[in-house]
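Shown below is the structure under consideration.
Labels A, B, C, D, E and F are assigned to the chains in the order they are written; within every chain, residues are numbered from 1.
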Amino acid sequence: MKFGILIKESPYNFQAFDTAYNFVKAAIEMGHEIIGIFFYDDAVYAGNKYLEPPQGDRNIKSYMDDLKSRGVRLVVCVAAGKRRGLTQDTVSESAEISGLGQLLELSIESDRLVTF
Amino acid sequence: MEDQKSKAKIMFLCKTAPYGTIYEQEVIEAMIMFSSYEQDIRVAFIGDGVFSLKKGQNPSLINIKNFAQTYLVLIDDFEVSHLYVEKESLDERGMKEEDLLTEVEVLQRADLISKIDEMKVVLPF
Amino acid sequence: MQMLNIIKKSPYETSSLSNCLKYIKTGDVILFTEDGIYAAKKGGMFEKFVSDVSQTCSIYYLFPDTEARGIKSDEIISIAKPVDYQGFVALVANSSKSITW
Amino acid sequence: MQMLNIIKKSPYETSSLSNCLKYIKTGDVILFTEDGIYAAKKGGMFEKFVSDVSQTCSIYYLFPDTEARGIKSDEIISIAKPVDYQGFVALVANSSKSITW
Amino acid sequence: MEDQKSKAKIMFLCKTAPYGTIYEQEVIEAMIMFSSYEQDIRVAFIGDGVFSLKKGQNPSLINIKNFAQTYLVLIDDFEVSHLYVEKESLDERGMKEEDLLTEVEVLQRADLISKIDEMKVVLPF
Amino acid sequence: MKFGILIKESPYNFQAFDTAYNFVKAAIEMGHEIIGIFFYDDAVYAGNKYLEPPQGDRNIKSYMDDLKSRGVRLVVCVAAGKRRGLTQDTVSESAEISGLGQLLELSIESDRLVTF
């Protein structure tokens, strides 16, 4: 089955990213396809390349790299990102910046869209 | 005109009050973008979301843009097919239909549940 | 000296107001700001709670926030008094401390 | 086909659960995740609401989230069934759509 | 020993459940820092904050650190003078004193209100 | 009177920064002293130099500059900032990065501490 993922809450401050990460890994292990993760509202902060959590803390940047290495597209909303300082200067290599059309595409193309 | 059945039915479920959070502002940005792709886009206001339709908003004193104006043109200028507002949510908040800034379809909760049931995707904001 | 209780979240969506009401003492002050102002709306679900607590506490609301949301003065319960940002500062100055719920 | 309702916020602090319960239909599914799992705790304020809705709906909770919070299986109301992340994925796959409240 | 009166009375008011948000983690970082400055630091758990003291926490499955261990040493190893937990909040959540991971002062709400009253600053988390 | 300010919520996503900004301006106009604003939790994002809101939107960066020009110290928590990508590379000129000791100092030195 094809899944689309929408994350809306900021990483670290909320558990949404962590839950989505574990959900996506489980879905892939079960043979499902993740056609993309769209980061909107405060969730765009997960795409920042400067994240430096202390040792032993959750490492959102390495989670993003892990998802990317599993072939998952990580799309940060350009408009939500710009006002929050997420631009070509600050976006991590794993993530790409694109428009809300990508969220619409996930809504249309996925069999299930799940919001975190 | 396209066959209605080929369009994805997508509902924005607006359940947050305006200004205290950004959700109303960013959901409007999403509505405008979605509506340009000729899908079947619905918008439902429930809970505190009904406050987004209150008339007479003037956020100039808090230096925020008056996003509510966008609702006036969503159906006419954009391809949003329906704006629903829930009767029960209005009642709980002491609001009447004449308190709203534009004409929307006021639905009973039971009818809104049926609408939600028809959707392919529901996006909560 | 009275304590200032700041409610900035909607009482319909969070427990900010109900938490505050559990800790408030006679003579304390409540200020509704941001989405908290809906608590003071006439005809809403919290009108009675706010009227009740006004028997022993002073109730204020941040006028720029009601104005922003299209809630006119006559839609606010009459025991609540409007303040602007300077009035907000004065409430803090005149209270021993503040808690933001 | 049933709809999946995801509750991730504490029922004590937000209206997520009460909002969800207003829209749920017979045959729908509720999944408690993150701080939402406290709704399914025995002896808590929401035990009765969740038991009542279980008459017409299936109730699940995300086991890693109860485990994290030190809530053992025997502290969860018995009509709620545990799932892991794969179980969560299966619930989504087996529902026509999901709403995160 | 310093004169108690020269110390600022500061209370961390912990009212949020652990893990779902970062507040517990970041308030602990603040408690540890504050406690090294020899002020009069109090910590009160009310509302969902009492869940932070639940024993048996094991967040390894969600890949988050078990911050709760810190509470075991706050009073002994750091200069936090009192940890309070509110009886009514425990009751509402079906929790008993023996469900807590460490010994804390269980206070009735009325007594906690008196403690709050004595503080110079209350920091809500 | 001396005021200390603590902001905990993220800018844009919540109104907390906006309210604090208007509060601080009013306090200064009334002759009070703002001895510092401490940014903790998600509020640290306000110190990002890359914020680019669209025209007509709230401009948090210019609000920060305005506060700084009024002599207000803007302190971003180093630990909360690092995990969120707010480092010397990304912090705006108006803000400074420092430790939680600064929040304690605000708590002790201010006549009133207000949380937003």
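Everything that follows uses one rule, which is that a residue touches a chain if its C-beta (ideal position, glycine included) is under 8 Å from a C-beta of that chain, and two chains touch if they have at least 3 such contacts.
Just so you know, these numbers come straight off a predicted model, no measurement behind them.
Chains making contact with subunit A as well as with subunit F: B, E. With contact taken as defined at the outset, subunit C and subunit F are each touched by B, E. Set side by side, the interfaces A-D and A-E show unequal numbers of C-beta pairs in contact, with more at A-D.
Taking the CA centroid of subunit F as reference, the farthest chain centroid is that of D.
Among the other chains, the CA centroid farthest from that of subunit C is the one of A. Once the centre of each chain is set as its mean CA position, subunit A and subunit B turn out to be 26 Å apart. The mean-CA centres of subunit B and subunit E are about 41 angstrom from one another, to the nearest whole unit.
Here the CA centre of subunit B is 27 Å from the CA centre of subunit D. Contacts with at least two other chains are made by residues 12-13, 15, 19, 22, 41, 57, 79, 113, 115 of subunit A. Along subunit D, residues 8, 12-13, 15, 34-35, 64, 97-100 each make contact with two or more other chains. Multi-chain contact residues of subunit E, defined as those touching 2 or more other chains: 19-22, 47, 62, 64, 120-121, 124.
Interchain contacts (touch definition given at top) occur between A-B, A-D, A-E, A-F, B-C, B-D, B-F, C-D, C-E, C-F, D-E, E-F. In the complex of the two chains, the subunit E residues touching subunit A come out as 19-22, 62-65. Subunit B makes touch with subunit C in their complex at residues 16-21, 47-48, 51, 54-62, 64, 68, 92-95, 101.
Per the touch definition, subunit C reaches subunit F in the complex via residues 6, 8, 33-35, 62, 64-65, 84-86, 88-90, 92-93, 95, 97-100. In the complex of the two chains, the subunit A residues touching subunit F come out as 10, 12-13, 41-42, 45, 48-54, 57, 79, 82-87, 89-90.
In the complex of the two chains, the subunit C residues touching subunit E come out as 3, 15, 19, 22-23, 25, 97-101.
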